[in-house]
């Protein structure tokens, strides 16, 4: 062994050894936590869904019963709409649609709309948005209860003229100083209802496809 | 270990050489996660833990490490520790994990940690190193909490909101609404507010320190002022 | 006979002007615009000016006291007044009183005195104050009443006072009923929603070029600006660069697609562009020192404003544009030293 | 095309790494006292960041993912970064001593720049492909470099300012950074082109 | 522009006038001192002639206490610079430190002479046939007569002339622009002695080898142009032209004047001779005429005594060394509210604390100002970067930046921003709304920069010597160590040898012993 | 379990080899920082900083063994320049090292000098000339005013004098505070 390479080899071995110990530690911790992490990820999505549909009202694997529909012209947005389907003993109960409103003040607003099989809204939640804090963000449940106002609405309640913010002659409140964001949400929910009404059969009949559970 | 030295290590790490306020390292997490006290506290604790473990292991290994691989070795050790913490948080503090996001793995690059490994742990015995890690981590944690308090209080008038993420459901109860009907001062929650807040903290600390060491500091200020406008 | 004489420095001539005189000139030049503003939007603006001035002077005095500086020469230099007035001209006339307070806190304390006070600030204090309240209280800061000519409700002095101090507007339906989107906002949301510019512009809130009323206010501000140019208080470089760059940049867009891009004059006569071109981007303290630098600075303000208006999240980007260019000013200064004699 | 432009606009302006995402603050505060130094740091970072963004992407895509070792990403990324920095340093020393004299002292500092690891991690999080990773890295570095250089020029001007004593040094630097962040708020929404 | 083009353009000097950047239009205030003809004041009781009057070193006094001197006798010698002469005949009372009209206000060595009233001249050596004399002789005469630039910088005229000759200049500019308010001594000189100026111009032209002479005067100087042109015609001198330049301060500064006349700028760090030009004051030319044609040294000069602080402003032909108080008395004394006394003009002059300073070669004006003229000192405010200063700076500098750089000690930047190109004209100072004493800062900055150069040279020297010494000590130590080692080695060798010797002795002994024993055993 | 361990261990070894090789291949040579620090020191070579001359002090600073406030001849300006170079906060001169004084030189009283050569040995810049038993003289332009020659002189014949300041080396003073009411 020449004089120059001796310490090199030694230090690389040492570095290797440290890496070895580190990885061993990591690998074991990973083994220990893997299950729980997957569990947690699922739980989060479920939690979101369950905020709209009570866990007791279905008994299928909600996260496994998913399809994606693509109808850019109808939804006015290229993003595919994810639909979770709730069934009780195999019977269709409700659909959770993740739709995107393209016309927020600062871009897209992603919504979760739960619609039961009769076409009644179970609940709506904003999944993500970029609206101006303090102005457009009361669409979040954390900021105001406004979004709860959708529960139990349907295509008949109100009629299609009523599916607009008050400033446009509809039945939904806008916020002080902000009409755009609520308008976008109302329109998107309305669209989801329309789509559901027109396609509910296919929505439930298409075989499930696994998609990334990450909302 | 002498009591005096212990105290010295503690005050140095937690106050005199405070990473966030004096050495100005680890600024990214300090500014990024302190929109609430709880977020700050959580990341502070994670950092403290990392510091202690990494200091301890570096100190234990200090005999073997040749200079050219010292830094890579430290980095490896720290990265392992951090990943373990990340995995654990992912599994057990899921909400916090989501809120802190990328700043958990980024503890690795918190310069303060390598700094302590290099400056202290690689030259000292395990116990003092452990204590030093604790003290430095504590100092960092204190800064995070202070800044978090400042921002949360001025931004939304609450304290400890989101405590349930750290403590479980009962944590909801300790969320304090300090200023009811707070209209919400968004600036404090946004990036500029973070910078302003830290600036105020550091300036306050400086003013306090200079009051404490009045005379010496005044001499310095005369010197600095001499540089300023004619006066 | 020996006498002794005073040995003050050269030049041994009476001084030409003072800081206070410069600032007063700026204030004077603002008068026509302010009057026009009051004409179109009611007396709320005057109240805002007074409020802002009071808070600005208050914070100025506090900071001077804290720093152990003499009050008199600095209070009397009117620079805080200029800051306050320019800020007040940017906010909705019926904004609540504490808006001025918070904005002036950030303008005078943070943006001015933490940097060493008069003449040393890097950022334009008025714009800092404005941006702080804009991003913190967007709801309040977007509550503009339409110009009096279009309004169902035109507040008088007492009404304005009451609204500013209580936050309650004496209109059935509250704020929602009284306020209306500004022309630029209407334009932006309209274009975003895919409507045609000519169609949007047919709304009553638009005038010949800019917004109804707004365009006239801009004219009067321009008049004041020309007075400042004549008095050589400001150089032509900044205003010309701001307005020129806006025209040059928006013209091709308009030519290419007049349906989704406004006419250049529309850009100039809406929002705070004229005010900024003559009074805000010309702030000597936070601007550039050389003429070449001023041209770059002004063009930067114009271009950035257009970018923010066209693609950004705010209907008017002037304030941000000014701050962004303030940021760049020291660097520009470094690279635009004029050629010196004999070089 | 426009998607790539979007990445650049987003990383440089709307979501500037330093002022909006809070990454890379230590060198931002530390290497901004002199304009020359800041420029050196900006260039060196741009180089390393782009390179390490790509190489960590490759590592993740072709080694970690196939072997299902994603949990090792932090560990391996930081190693990759350290080695990229070292190799850059060696390469530069060999090929351009002049450049090395200017930029050399900044290279070691880059390893502990959050932005570098941050970019690697965000590439994974946002499922970027190779080109996107490269652009993302470059954009992040450009955003970092631009604000660093502007900041340094401002701090040079501040040395002459009569800043109140408690605010001299770091605090006024932070206030300035805050003001810059304030100004950058104006770019909000720009990335929704 | 190519070098040749530049030279060509420079040769066109005066055809038309150009502009320079910035500058100020100031109130002229010259009329008040031009009403009366110039007279010499009464002979003062004592004359105080400072030994430092030129750019350069102190002169060595060549007389001693109590010595009798003649008018025009050399009393101070200074080799590379110009000589100093006695302005009167009389007795040297003392050679001592006195106030000496220096911006510092510090006293310095002066020759104090009590005139005897005889006005007895020393033997003069005029060069009667100066038209034939060689330029070298003319230059030597100029030096012997102690001529120095009377336009303010008091740079020795012979040096400038010699240099101009060597650098082959084509144009001599006589600077009669006298741009500062209040000052009128050059104007009076041009009015009263145009012939002498033309004569001086011819002498200088000859000494310099210049092709032509341009006399630049302000366009407000009434009859001066006619007078000068007439004299030039009388002298049948076609190469002299008189050019009027617009009155705008500081068009009298040589660089600005050259820009006005040629449209060219003297290169930064260079001199007018780079463009083939030399600039002299008109009074300098007159003094040269006196010196060469009459042999008279420079012992008197025109000086304006003016301002609202004196009763009868006017010009004097004053002897060098006359106390200014004497001139004030001669012009009717102070007015009641006089507040400030300035040597020089209101823009570039320096104030003096008392009026016992003497007239020196550089003194062109004594300005007595009242409180009304100067207004109470204004509070200095921080710079608001308004850029007024840059707008008026004739050197196109950025005074506000320079000010900041000097204040914070950014010397390298100040250098880059052209601190040394500042001509200290005071324009920036005058217009600054914040009343920052900019020129004072620049003077301080220039001094500091000079000091830094000197210090760094000294430090460099010390470092070199220190390192040399260290090296030497090291060498000495090494040599000593080597010597020691050698000696040790030698000693060791010796010891080893001895050991060996001892060994062999012992061995021999033992062998002997053995041998001895053996026989015993045997 | 095995794969990750193998992978990362391999990575570690490879990197270790690379870095070790790099460290040896590219060892950092002389430190240019020392030169830059040395350039800022006044070169008085007086040793008041507790180092035998300016360069050793510069070396100590660059190794962070000495603080930047130990050189009295450099004074506040020197400390500021160092702080600037090293990116630290300036601090007042450490009084233990002495205080800033106006520049001086020394002269040897030639009457009293006995020619012992002790001062020559003490002078760090060889500014004293003279041979044994003969009178010595200080070359004023080379004397740095370090005063190191004073203690060894057995007959105290060396005097400190301030460097001559006359009108010729007069410099405009820093514009004064007095005019500025801001500061009163």
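All chains are identified by letter, namely A, B, C, D, E and F, in their written order; residue positions are counted from 1 within each chain.
Please note the rule applied: contacts are C-beta pairs under 8 Å (C-beta built on N, C-alpha and C of every residue); 3 or more make two chains touch, one makes a residue touch a chain.
Keep in mind the model is a prediction, meaning the values are calculated, not measured.
Colleague: Which sets of chains still touch one another once chain F is disregarded?
Modeller: Without chain F, the chains stay as one piece.
Colleague: Note the shortest touch-path length, in steps, from chain E to chain F.
Modeller: 1
Colleague: Please list the single chain whose C-alpha centre lies closest to the global protein C-alpha centre.
Modeller: If we average C-alpha coordinates per chain, D lands closest to the whole-structure average.
Colleague: Name the chain whose C-alpha centroid is farthest from the C-alpha centroid of chain B.
Modeller: E
Colleague: In terms of C-beta pairs in contact, which of A-C and A-F ranks higher?
Modeller: Higher contact count goes to A-F.
Colleague: Suppose each chain is reduced to the average of its Cα coordinates; what separation in Å results between chain C and chain E?
Modeller: 51
Colleague: How many angstrom lie between the centres of chain A and chain B, each centre taken as the mean Cα position?
Modeller: Chain centroid spacing, chain A to chain B, equals 34 Å.
Colleague: Starting from the mean Cα coordinates of chain D and chain F, work out the distance between those two points in Å.
Modeller: Taking the average C-alpha coordinate of chain D and of chain F, the gap between them is 38 Å.
Colleague: Can you tell me which residues of chain F touch two or more of the remaining chains?
Modeller: In chain F, residues 4, 7-8, 11-12, 15-16, 19-20, 22, 24, 80, 174-175, 179-182 touch at least two other chains, as defined above.
Colleague: Two or more other chains touching the same residue: where does that happen in chain C?
Modeller: 8-9, 73-74, 110, 116-117, 120, 132, 135-138, 313, 333
Colleague: Two or more other chains touching the same residue: where does that happen in chain D?
Modeller: In chain D, 30, 71-72, 75, 79, 82, 160-162, 167, 172, 175, 179, 182, 184-185, 188-189, 192 touch at least two other chains.
Colleague: List the residues on chain B that touch chain C in their complex, please.
Modeller: 183, 185-187, 190, 192, 196, 228
Colleague: Note which residues of chain D are touching chain B in the complex, please.
Modeller: Contact set of chain D toward chain B: 19-26, 28-30, 71-75, 78-79, 82, 111-114, 116-118, 121-122, 125, 161-162, 165-168, 170-175, 177-179, 181-182, 184-185.
Colleague: In the complex of these two chains, what residues of chain C are touching chain B?
Modeller: Where chain C meets chain B, its residues are 110, 116, 132, 135-138.
Colleague: Can you list the residues on chain D that touch chain E in the complex?
Modeller: 159-160, 162
Colleague: Which residues of chain D touch chain C in their complex?
Modeller: 35, 149-150, 153-154, 156-158, 160-164, 167, 172, 175-176, 179-180, 182-190, 192-193
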